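Chain lettering (A, B, C and D) follows the sequence in which the chains are written, and residue indices restart at 1 in each chain.
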Amino acid sequence: MTAMNLRGVFAPIPTPFDRDERLDLDRLGAACERWAASPLSGLVVLGSTGEAVLLDELESERVLSLARERWPSGRTFIAGAGRESTAATIRAVGRAADLGADAVLVRTPGFYKSQMNNDAFVRHYRAVADASPVPVLLYNFTAVTGVNLPAAAVTTLAAHPNIIGIKESSGDIAQMTDLVAGTPEDFCVLAGSSTTFYSSLCMGAVGGVLALACVLPDACVRLFELTRDGRHAEAAALQHRLVPVAKLVGNMHGVPGLKAALQLAGCDAGVPRSPLAPVSAAAVAALREALMSFEEVARV
Amino acid sequence: MTAMNLRGVFAPIPTPFDRDERLDLDRLGAACERWAASPLSGLVVLGSTGEAVLLDELESERVLSLARERWPSGRTFIAGAGRESTAATIRAVGRAADLGADAVLVRTPGFYKSQMNNDAFVRHYRAVADASPVPVLLYNFTAVTGVNLPAAAVTTLAAHPNIIGIKESSGDIAQMTDLVAGTPEDFCVLAGSSTTFYSSLCMGAVGGVLALACVLPDACVRLFELTRDGRHAEAAALQHRLVPVAKLVGNMHGVPGLKAALQLAGCDAGVPRSPLAPVSAAAVAALREALMSFEEVARV
Amino acid sequence: MTAMNLRGVFAPIPTPFDRDERLDLDRLGAACERWAASPLSGLVVLGSTGEAVLLDELESERVLSLARERWPSGRTFIAGAGRESTAATIRAVGRAADLGADAVLVRTPGFYKSQMNNDAFVRHYRAVADASPVPVLLYNFTAVTGVNLPAAAVTTLAAHPNIIGIKESSGDIAQMTDLVAGTPEDFCVLAGSSTTFYSSLCMGAVGGVLALACVLPDACVRLFELTRDGRHAEAAALQHRLVPVAKLVGNMHGVPGLKAALQLAGCDAGVPRSPLAPVSAAAVAALREALMSFEEVARV
Amino acid sequence: MTAMNLRGVFAPIPTPFDRDERLDLDRLGAACERWAASPLSGLVVLGSTGEAVLLDELESERVLSLARERWPSGRTFIAGAGRESTAATIRAVGRAADLGADAVLVRTPGFYKSQMNNDAFVRHYRAVADASPVPVLLYNFTAVTGVNLPAAAVTTLAAHPNIIGIKESSGDIAQMTDLVAGTPEDFCVLAGSSTTFYSSLCMGAVGGVLALACVLPDACVRLFELTRDGRHAEAAALQHRLVPVAKLVGNMHGVPGLKAALQLAGCDAGVPRSPLAPVSAAAVAALREALMSFEEVARV
């Protein structure tokens, strides 16, 4: 159905803000060019890592436009477009398509948790997929949304011609295994957790959308390739070495940690927007040490 | 500081939609007049019960304008104004004040859960309270947001001259007790859970913002008055009788359950907006029976 | 059916150990006499607070014998007798009755959590109650067992002639309300959480089994009496003052905290048994301050 | 230090009871001979799967004696010996060694959850390992105990000469990765969850203690060997096929499900002991279908 590449490693890029917390498109453009020089399969713009929920609609459009412009046209470009209401999601999906997204990543609505059962998810995603001009990726991120998209709902939704895959961010390998087992071969399961990326690939994920890939794109792509090529001992060893950085950038310090790590890696993604705040000096020191340890071992 | 009444019972009113899920201001107006005829102390518009996260900014303003217009000017009128970013919250708070809100109810941001520590909450609320033209009520609803506003943060924030109280929706009486103990006498702690309203009042809450009060305003106000007047045996008995209805309208069926219960009580609040869906026929039957049981006992 | 008093305040007493962690019956006897001089309605021996799971069967019998001997025969004496298997529970219940227990308190089995559904609980408690020579109290302590005894199971079990009540330790007032509403008038619901004791009494609990009552028996009994006599404002004020001590003795420092608090109050209950360990000096200081604050306010 | 083999697949065997729920050593002996004919690396007797918490001490000794006698002396024989108190654990460990156990598996104490911090675990396991005549395996099974043994505590304890490994039953691959990374090469990390066994091996586990291996020992051993031999595609495919059976035998139906599955596989392990109960006819049918599906695919 689509020629778009969903294999490999995707970077869910952060949205730069300046010191006054205003959108900083210059920094965004420079960062996009940096990522374009890496072997990443594609970008995800306006995901959770992109502080999408802290942007208004106009800002969202400016981010999408600029990133699309700076990202090579032949490489996959995915836009986050989840909203709480079905109607707002459909509008966001349409705008993303207009602005050149190859596909949209649609987070589960999660505000009314007790009402979000199997049926509600199926209705929501069907309506969105019916209306979307571009293919839809489901997005399950329980730690953030507080709801879990059941494997049974994914199996049902995988039959929709405009739903092409899912990003599963739990890092729960049993759930990943269920998703792969319950969907057709051409349905793309993408891992969202860097600490279990290798295990996810082993169980049938075709790639990953990894915050860590913003900072260490080459290493993440190498982990993908080693696994694809059956070089499992090397892959496992690389996964082990990536874990300490992955933890700091992920759960522990979140988006502020990612922005600090990018700064240390020579890429200026600005500061986070309130209520998020820059990480402490101690966290920066821990990130610096983890990055240096990783590079040193890599050099040997 | 303010002459506004925060004692007693407040109804967090739902937002009516028509069959096409469009905002239905006629139904809203009619419902407001109905509530105005009851002994409620005030309304909360655009709270969680108001499906605020399913509305766009323009719709939010239309709801506020209309409700403000139909609600007696002498009675307290509170607007929900929580957003994920601090800046967007400040804008929402300003608009609510412009449209006549006496106070604003500001839900904790909760998307980036791992980053929402004591400091982040204090910074967020201070910035909002500094900027708000009207008094601010904190709002802790862990079951929905997935984060808990620590009692220590509330103690700190209670010292801000423009923060006048908190709505605590957990129904956790130990937490309610901590909030009352940790804040000055004139800081208003409001209960958000109908099943433990009487206990909350016993421990020092000055009132409640209760979804149940949309359906049974007189009974909820009577429960408040019995407790205030020291008629504890009657209050406890009334609380016991309200529990079955409160459960169905609350956790079990959420906003769709509330809209169904209102319909049964003769108040047409329309349908919920997707991804929410109307409750099943079985749920309507359970609601009808619970309401009838309540009325029968009440009549005796 | 029984003349035993289940109203009022019961102390779930700790089991003293000496420095070598051996059972210390001398300290136990002295402590029992101290509690006998207080207005407590009764004792619970070998409950969670009694480190029962750290004792072998022979030690359990020695504790029961000694405590029974030192406790006035006219006052209620309850023995904890929960075990993981139904058969072992029946044996423990029989031994407790032989040693003079007026009733037994039987904790829900909880090791095989996924199998402990409504049916399993009903079967277990029916078998135990059928076999027990003395009346049975159910015991729900989810924070420790990891399972919740559903209110529906309690309603079913309350019909058994040898099941006379329940100790509910969650401190969840909504659940307490459900238990009172779902059981006959003469079924005794006892609160297990000191921080919400007053609220539990307001909602129909007939008394409490409170670790705090080991340390402050007079104050706990006074809280019971004030509520019983309709002096609600005084009761709420006393509850507020008890919370800081209750927290330290309860969740925060557990049995080691209770033993430290007893020491400070002039009652030597020895040390806890490994893997439990005495609390830190900082915890002792916090307990001392909380106890002194309480006494000071009480004196005024 | 030890010549004992801890690589490969271990079966945590169930304890058979007859219709009157009495220990059934004949069935146990017959089952042991069956397992001895399989390529399992060893047995774990009196683990969670062995209903150890439902046995008294005398029964425990009879089970250990009989199983030890029927299990080939050259193959690894591990005894579960966890208790709540440190002293009782030391006694159980001593008895197990006397009865011929090559090593002991010691579950974390978990009753006093709020007190079980890093220090408490380290103290407990050091005391047990100091006293144990045979090597000690740590055992972390959070779903049952409600406590988590922190990776930091495992790193500390791995330095003890008599602590040789850990069974980690969470199925959390990130935690498994941390355990492998935080311990020396010769410290044995064993997986306890069948649904993620392959992923655990990929990340450095040296084997597994799998309830599923009681029912399908050959398939589990084959999964181990395929992974060891670098035949990853076949291993992943076999893991996928094992998941449906693993789920039914594991979380969903627990020990009763395992006993029913064994019966279907031609091995009579009797009934579970109360409060556990045999599974429903519907569960038996689901197990039969899952086992038949597995065998059919295996045959092709």
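Points to keep in mind about this one:
Throughout what follows, contacts are C-beta pairs under 8 Å (C-beta built on N, C-alpha and C of every residue); 3 or more make two chains touch, one makes a residue touch a chain.
None of the values given here were measured: they were computed from a predicted structure.
Shared contact partners of subunit C and subunit D, listed by label: none present.
Think of each touching pair as a link: the shortest run of links from subunit B to subunit D has 2 of them. On a Cα centroid basis, the chain most remote from subunit B in this structure is D.
Distance between chain centres (mean CA atoms), subunit A to subunit D: 37 Å. Remark: subunit A and subunit C have CA centroids separated by 50 Å (rounded to whole angstrom). Under the contact definition stated at the top, not a single residue of subunit D touches 2 or more other chains.
You'll find the chains touch as A-B, A-D, B-C, C-D. Partner subunit D is touched in their complex by these residues of subunit A: 171-174, 177-178, 180-181, 193, 195-196, 198-199, 202-204, 230, 232, 236, 239-240, 243.
Within the complex, the subunit A residues that touch subunit B are 21, 48, 53-56, 84-88, 109, 111-116, 119-121, 123-124, 127, 143-144, 146, 251-256, 273-277.
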